[in-house]
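Common to both upcoming complexes is subunit A, partnered first by subunit B, then by subunit C.
Moving on to the complex of A and B:
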């Protein structure tokens, strides 16, 4: 893609987010709000929820990468490839199971132990939920590396770990990063469900809007989640561009 | 043919590059294959069925044969990319299984079709792979990369930090050769090294390989399916039939003039007398020495000199004695000679007359500029010289 194309692509979400947030701030400061709305949409509350939401997203995504990339590597090593349909199948179930059911079931099952706070159960669920794109793309990316290049690396006397770290992973990185981006987007949206098990996040605002029949509060929460999702997606895109090896 | 006098040696005094006089010492190692067999599970016929072969140190030996004859398998067993089912392979008298695969491979150059460069690494990093694995220090690697890029005819400062996709196919292949030579291995294996480039580039790369080999004297084992390439590059040719059975193992001259059997005769193909033009090299005939000029010389002086010599064109050399253009006098403009645009099609002194004729045909001069080691200018070869030489050969044959 041309440099100009990339700049435009990166600029569009920024403009959108500025418009959305600007619109929200303008509405919040000028509209005639009732006491419930004022309490629910208090700036400190919103800030806290947004921060929790980001924490949920980042922690889960990092865990996903730490689990799915090594797993994908193992599943593409010689003699292990027969396992990869099984692993992808399991990850598929993880993703296709209704996330709200998954999160509540895990909470009921695990919350008897004090370690498993709402936050931690949410992270666990989001991690399982987000593994598939990264796992699948790691496998696809590594399989897509030109076999002649891998053989060239062998022929030059590179050891197996060196081949993996210096040839295979760098060449698979663009595909892996596309998976990471998909996971980020999945996770940031699904993190709104944390509210049902006391896990925090912007889902709290949406949920109180529903509970208190405050339509405005519900919409405000949703709009803020959309803005955050756009930001996360943007960060993912930037990461993709920055991490992509030059020359590929 | 080699016992005929070589006028070139007497006349190339003016452009002999410094430090490149005479053949260097043999740095290659002998390779001995003894009854090497490779059998794949589930296949009745062995891919390689008992190959016994001695590859002399410092020579280029070409493995040639129809596809599926086991030539690539045989090559890859030398650096253990493929493990033989039985038999032994020795390099310099040492069984290759006495050290680890990776240790072995770091001592054997490996050049693959198209270069197989790693696209995410710069030219320098690609070349530096084996030296790094061997633990060379940074400045030694830097100097070595400079030396190698120079050797394969790429300007080090211009190309070292480029990525492979910024290079042409021929340039990528050159870097591939440089990478194979990086740690100065005694043995270099090449697998269809010039298969992925266009014919003109292939010819130049072949010439350059010959020129490099004249300097380095490695043991080079090269797989090709192209008999013409085998004839041109090989000191010896191994013609293989199915199961890597040796049909004939001899010098190109003998393979052409006395094929061992019908298979070889068929494979070498018709027109072997024309192919004999591939055996005569530019160095066998006399070069012409038109007026030369250096980039930066005064145009007026050069023109005057050329007129005095009766030349209508001058060969322009760069500051390192490499030809960069061959403009007609009327094309010289301005005060000083500038580097002409476009690439000059030149031929190596070791080029076959076949290739030289090709280059002459594509040149408006009806002649080609001849270069030696490291692209040093040696002279010019023209149609007349070639036809005279052919007539001479015909007469010898007639006697």
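Moving on to the complex of A and C:
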């Protein structure tokens, strides 16, 4: 993509988020709110929920990368390739299951044990749910690496781990990062469902708005979630550009 | 589990049917909208980039947030489900329709015009049939995505298997059938998704023009 195209693509979300958040702050400070709205849209509450939402997203995404990338590496090693369609197939079926269903299912199953708080169950579900895009792209990316380059690295006397770390993974990185971005968007959106199992996050505001039938509260929650999702998507794009190794 | 299903088989069947129907209507609406928009987009230079940008942003909107945004506008439960699901279903189809329509060889269009076809005939007889396999791939993606979104949308009193998930949640524990409700909903939705995908593959076999199969 052209330089100008990249600049526009990075600028549009920033402008949108500034407009959305600016609009929200302006409305929150000037509108004549009833006591319920004031309580639900208290700044400290919103800050806490936003922080929980970010924690859910970041913890799950890091776990996804830690699981899916090594798994993808293992599945593309010699003698293991026959396993990769099976693994991707399982991940595919897992993803066609509805996210809300999985969160509730794990909650009912695991919440009998005090370790499994709403937050942890949500992280578990989001991690399982987010694995597919990174796994699939890691496999695709590693497979797409030109075999002659790996052969050349071997000729230079590189060991198998060195070839993996210094040739194969750097070359596959753009494809892997595209998968990470997809996962980030999936995870930040699905984290809104944590509210149903007391996992926290900005879904709480939307849900209390629906429960109390306060349109302003549900719309405020939704708007804030959209802003956060745009920010996360933007971070994903920046990561994609920054992490890309030079020359690829 | 078996008794649970047996006792409620007609109710489960009805909810499954409602779920499938909701997704079906939403995807049909989305397909019509997406193809029409794509035809317009491919006529105007530069608009395809803007469309990509818009669809990237639209797809980041969390579905539960969209339910929150739609409730004040559309008060009725099932309508929210339909609007929310159709909203997300549009984008993958739109992206594929644009790619498919742009991918048609200009030489073919030229010769179609040379044969005396009008623009409308060229669109109907040449461009759409050639782009159809790509559009259909988009429809498959949208259908899969819609299954899960329909479940979330049913929180707003919408129909379908999603209601079982929320029933399961409110009943809680294993003893109170909470687990049964949730498992039935998840399995039901996965099965409906698999059947729908199979039907779409079949539709592809029947409708993709013989020359490009």
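Methods note: the second predicted complex is superposed on the first by the 248 of 248 C-alpha atoms of A that agree within 3 Å, B and C clash if a C-alpha of one lies under 4 Å from a C-alpha of the other, contacts with A are read in each partner's own complex, and residues count from 1 in each chain.
Following the convention adopted for this analysis, contacts are C-beta pairs under 8 Å (C-beta built on N, C-alpha and C of every residue); 3 or more make two chains touch, one makes a residue touch a chain.
This is a predicted model, so every value here is computed, not measured.
K.L.:
Would you check which partner chain A:44 touches, where first means subunit B only, second means subunit C only, and both and neither mean what they say?
P.N.:
Neither partner.
K.L.:
Which partner does A:167 reach: the first (subunit B), the second (subunit C), both, or neither?
P.N.:
first
K.L.:
Go through the superposed model and pick first if A:245 touches only subunit B, second if only subunit C, both, or neither.
P.N.:
first
K.L.:
Between subunit B (first) and subunit C (second), which, if any, makes contact with A:15: first, second, both or neither?
P.N.:
neither
K.L.:
Taking the superposition as given, does A:157 touch the first partner, subunit B, the second, subunit C, both, or neither?
P.N.:
In the superposition, A:157 contacts subunit B only.
K.L.:
Between subunit B (first) and subunit C (second), which, if any, makes contact with A:190: first, second, both or neither?
P.N.:
After superposing on A, A:190 lies in contact with subunit C but is clear of subunit B.
K.L.:
Look at A:149 in the shared chain and tell me whether it touches subunit B only, subunit C only, both, or neither; answer first, second, both or neither.
P.N.:
Touch partner of A:149: subunit B, not subunit C.
K.L.:
Have a look and say if subunit B or subunit C is in touch with more residues of subunit A.
P.N.:
Between subunit B and subunit C, C touches the greater number of residues in subunit A.
K.L.:
Counting contacts the way the document defines them, which residues of subunit A are shared by the two interfaces, the one with subunit B and the one with subunit C?
P.N.:
Dual-contact residues (subunit A): none.
K.L.:
Over in the complex, which subunit A residues touch subunit B? Could you list them?
P.N.:
148-149, 151-159, 162, 167, 170-171, 245-248
K.L.:
If we count contacts the way the header does, which residues on subunit B are in touch with subunit A in the complex?
P.N.:
Residues in contact with subunit A: 79, 81, 101-106, 110, 112-113, 116, 118-122, 129-130, 133, 163-166, 179, 189.
K.L.:
In their complex, what parts of subunit C are in touch with subunit A?
P.N.:
It comes out as residues 49, 53, 56-57, 59-69, 71-72, 144, 147-148, 151-152, 155-156, 162, 165-166, 168-169, 172-174, 178-179, 182-183, 185-186, 189-190, 193-194.
K.L.:
Show me the residue ranges of subunit A that touch subunit C in the complex, using the header's touch definition.
P.N.:
Contacts found on subunit A: 5, 9, 12-13, 16, 93, 96-102, 104-105, 107-109, 112, 185, 188-193, 196-197, 203, 206, 209-210, 215, 218-219, 221-223, 225-226, 229-230, 232-233.
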